[in-house]
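First subunit A sits with subunit B, and in the next complex the same chain sits with subunit C.
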Partner chain A sequence: MSALELALRLGAWLVCSVFVLAMAYLFHRQLPMGRPALSAISLMVLGIFLTTLLLFLAGLLGLLRADRLAAIGFSGLVLMAAIPAWRRSLLQIPRDFRALSHDLRRFWGSLPRWLRIFSAAAVLASLLRFAFLIWALPPFVWDSLTYHLTNVAHWTQVGKIELFDTPILRIYTPANYEVLATWFTVFLHHDAVVEAAGIPAYLLATTAVYASARSLGCSRPASWMGAMAYASTPALLLATTGTKNDPHVAAYYLTSLALLLDLAGKRRAVDPRQSLSSMFLLAVTLLLAAGTKAYIAHLLPGLAAIAMLPPGFRRTLPHWRERITAARQGWHSLDAWTRRCLMLLLSGAVLLGGYWNVRNWALTGNPFYPYGVNIAGARIFNEGERTARLNFARLVDNLESLADKFGDAAGPIEPDLPETTGWGWFFYGPGLAAVIFVCFTHRGLRSLAWGFLLSLLVLMLSIRPSPFNMRYLLWFPAMASLAYSCWLDDLPSRPRVLPIVALIAFGGALALNLATTLNYNRVSLDRFGLMLERPLWERQAALLKLNMPSEYEHAILFAPAGEPLGYNVGSDGFVYPLYKADFSQRLTYVPVSGSDDCGSIAARMRERGTRYLFVAESHTPGEVIQRVRDCAQDGGSLAEESRGLYVIDAGS
Partner chain B sequence: MSSTQEARPRAGAALVLLASLIALAWYGQGQLLHSLAFLYQVAQAVFPGLPVTPGGP
Partner chain C sequence: MSSARKVISSLEFWGLLVASTLLISWYAYPQILFALYPPYELLRLLLPGLLPDLALAANSIWSLPEPPR
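Showing the complex of A and B:
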């Protein structure tokens, strides 16, 4: 990529970012939250939501190109400047920015000096870690290479959000995360920074923990320490730059928690506009989550319990009736233009929340395709290669699996969490001790703990027992962080040894959490060296050679760039690496079975418009590999170009 | 506040701290080597004289 092209692409990204941020700001102004932490949450949720919505609509219209998105962004900015009410609002940005800066200074000033120093060091170390890992490594996590990034690569390549022919049926699952991840590929037309797609969720989750701690009555320093502790959770850190959608679901869960705690809090005066804002954002957040991953539905009973318990069981109904009445008053206090804008925003959220399932329903008769649904033995939806079941046998299996992984003693914490929970040093050390203690002393935390436990149990009741299902629990360690915040405020300052030991344990746990995530516990120094010796634009997932056979590297090196590459992998095979980092490789799926004769394999390749067929050990079914090898050895029309790469009509 | 009332939060805090330290030691048995493995690998690259750990990453 030339310097001029890079500058133009970055310019397009900047214009579009300014447009989305300006939109988020306009809506944010209409949704006053009354507290700085909740205001920050509102701005982040709106930013994530509007970015996703813009790309989603552009994708459906086939406009996923840097130049077209820049044109949309520029036109949008001109339109905003042309509408007097919006222009007036946008002119308030400098004033609001000064207020934000004042709030941040007040927050920073409220922290003791040692905590400011520790925080600055932690933030700097975290920034450097994120920046280095995003810059140095291509994506390598299993689910990403199988389906998350396969969608991203296809959409970026063709400039359109669409389904395509592939054996990876999980491309059908709700894909709001993948739409957002496309924001990190479409402008550069490269995956160099796609791992940053988890950072917005990471920041949102951390801020939500801070806001929740404040709602529980914790001081600013204690809430901040709780938020830092959660931010250091190894499973979260690894998934954030692991191009997975679980940090987003965790962020939406914790955001909903923060908003519910604010709404359920008895101490807060009922303000109509603030009640409306919180409820509105709650709806947007949950709809965004519904279109990200279906298991948010399994977490809802826990959230409902958290909403009901803090006001007190008997007070629940009157409390929420009061809140809803206030929100209705807030709605009627808005002018007609603002109401229309907010309705439009909510319609966008409904679209993002429901599109994927409705599309699947229309195409396959099953909204949850490729997952069939089975509740207490009754089949609700048949279609699909996997089945989501709701029964107690699964609960027992999943709880046993959790018990085996509890304590993280079975192995290193890796991104797929095959042997561990990944909750890390803080959770199992200071966090867990604080949970047990604070549950006896703090009523609000006790309600929260019940809610978290209920979410966990319902999830365990329904998810498929698998070695990799700990990834659904990234939100769970937040409970220990919140308990720790509550406990810190009650920590006596005398004798001095108590706070000193507490802070050493806290700092040590966070440092060890960070240390365990420096290389994902997977990537050795020589692999880093292998990537760093290449220019940024040439770092390919297939060349990392970490978790895939050498056939992928051969395909990247030897498949001709100008021709489509045919591939055959199973339903869990890697497709993403074949697109190449700049999405230049066109792909086409060639269905082959072990019983096909050589002539029909060649005919099918021609039919699909390709001369090349890629197969790989442990990704392509063994009988297909054997068949293709036999065909090449027979000296017929199929020849082996390099390991795993076969060609027909080699001489032409 | 009576001395008993003052002593109660201290005893509670001390109990939590003691439990934290025990839990950290328990957790460290399984995770300490994994957590420090990469840093040790970096240290080995910087100081080649450091002993090689068997079974390291």
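Showing the complex of A and C:
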């Protein structure tokens, strides 16, 4: 990529970013939250939501290209400047920025000196770690290479959000995260920074923990320490730059928690506009989550319990009736134009929340395709390669698996969490002890603990027992962080040794959490070396040689760039690395079975418009590999170009 | 804060500290090895040739087979 092209692409990204931020700001002004932490959450949720919505609509219209997105962004900015009400709002940005800066200074000033120093060091270390890992490594996590990034690569390549022919049926699952991840590939037309797609969710989740702690009555320093503790959770850190969608679901769960705690809190005066804002954002967040991963539905009973318990069982109905009445008043206090804008925003959220399932329903008759649904033995939806079952056998299996992993004794914490919970040093040390203590002394936290437990149990009742299912619980360690925040405020300041010992325990746990995630516990020095000796634009997932056979590297090196590459992998095979980091390799799926004769394999390749067929050990079914090898050895129409790469009509 | 409350708070603190220490001790093995190895590797990168390569020993601890998908 030339310097000029890079500058133009970055310019397009900047224009579009300014447009989305301006839109988010305009809506944010209509949704006053009343507290700085909740205001920050509002701005972040709106930013994530509007970015996803913009790309989603552009993708459906086939406009997923840097130049077209820049044109949309520029036109949008001109339109905003032309509408007087919006222009007046945008002119308030400097004033609001000064207010934000004042709030941040007040927050920073409220922290004790040692915590300021510790926080600055922790934020700096975290920034350096994120930046280095994003810059140095290409994506390598299993689920991403199988289906998350396969969608992203195809959409970026063709400039359109669409389904395509592939054996990876999980490309059908709700894909709001993948749409957002496309924001990090479409402008550069490269995956160099795609691992940053988890950062917005990471920041949102951390801020939500802070806001929840404040709603529970914790002081600013205690809430900040709880948020930092949660931010250091190894499973969250690894998933954030692991191009997975679970940090997003965790962030939406914790955001909903923060909004519900604010709404359910008895101490807060009922303000019509603030009640409306919280409820509106809650709806947008949950709809965004529904279009990201279906298991948010399994977490809802826990959230409902958290909404009901703080006011007390008897007070629940009157309390929520009062809140809803206030929100209705807030709605009627808005002018017609603002109401229309908010309705449009909510329609966008409904679209993002329901599109994927409605599309699947229309195409396959099953909204949850490729997952069939089975409740207590009764089949609700048949179609699918996997089945989501709701029964107690799964609960027992999953709880046994959780018990085996509890304590992280079986192995290092890796992004897929095959042997561990990934909750880390803070959770299993001060965090767990604080949960036990605070549950006896803090009524609000007891309610919260019941809600978290209910979310966990309902999830365990329904998810497929699998060695990799701990990734669904990234939100759970927030419980320990909130308990720790509540406990910190009760900590006596004398004798001086008490806060010093507490700080050493806290700092030590966070440092160990960070240390264990420096290289994902997976990537050795020589693999980093392999990548760092290449320029940024040439770092390919297939060349990392970490978790895939050498056939992928051969395909990258030897498949001709100008021709489509045929591939055959199973339903869990890696497809993403074949696109190449700059999405230049066109792909076409070639269905082959072990019983096909050589002539029909060649005919199918021609029919799909390719001369090349890629197969790989442990990704392509064994009988297909054997069949293709036999055809090449027979000296018929197929010839082996390099390991795993076969060609027909080699001479032409 | 009354003196009785201070005593209770202090006991609560030391109780929590003891509980945390016990829990961390339980958690520490083998996680301490997994936590210290990446910074050791980083140090080896920054100080080439000064520190021994422990990759073989490390692999023998944690090269677990990948569970089936």
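Please note the rule applied: the second predicted complex is superposed on the first by the 652 of 652 C-alpha atoms of A that agree within 3 Å, B and C clash if a C-alpha of one lies under 4 Å from a C-alpha of the other, contacts with A are read in each partner's own complex, and residues count from 1 in each chain.
As a working rule, contacts are C-beta pairs under 8 Å (C-beta built on N, C-alpha and C of every residue); 3 or more make two chains touch, one makes a residue touch a chain.
Because the structure is predicted, anything quoted here is derived from the model rather than measured.
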Joint occupancy of subunit A by subunit B and subunit C, clash or fit: clash
Touching partner for A:P467 - first (subunit B), second (subunit C), both, neither: second
First (subunit B), second (subunit C), both or neither touched by A:Y579: neither
Subunit B versus subunit C as contact partner of A:W224, first or second or both or neither: neither
Contacts of A:F368 with subunit B and subunit C, given as first, second, both or neither: neither
Touched partner set for A:L432, first subunit B, second subunit C, both or neither: both
Partner chain(s) touched by A:F452 [first = subunit B, second = subunit C, both, neither]: neither
Doubly contacted subunit A residues - partners subunit C and subunit B: 407-413, 425, 428-430, 432-434, 436-437, 487, 490-492, 494, 498, 501-502, 505, 509, 512, 515-516, 518-519, 521, 524-525
Sites on subunit A touched by subunit C in the complex: 142, 407-413, 418-419, 425, 428-430, 432-434, 436-437, 467-468, 487, 490-492, 494, 498, 501-502, 505, 509, 512-513, 515-519, 521, 524-525, 528, 547, 572
Touching residues (chain side subunit C, partner subunit A) in the complex: 1, 6, 9-10, 12-13, 15-17, 19-21, 23-24, 26-27, 29-32, 34-36, 38-39, 41-42, 44-45, 55, 62, 64, 66-67, 69
Of all residues in subunit A, those that touch subunit B in their complex: 407-413, 425, 428-430, 432-434, 436-437, 441, 487, 490-492, 494-495, 498, 501-502, 505, 508-509, 512, 515-516, 518-519, 521, 524-525
Subunit B residues touching subunit A - in the complex, by the definition given at the top: 9-10, 12-17, 19-21, 23-24, 26-32, 34-39, 41-42, 45, 57
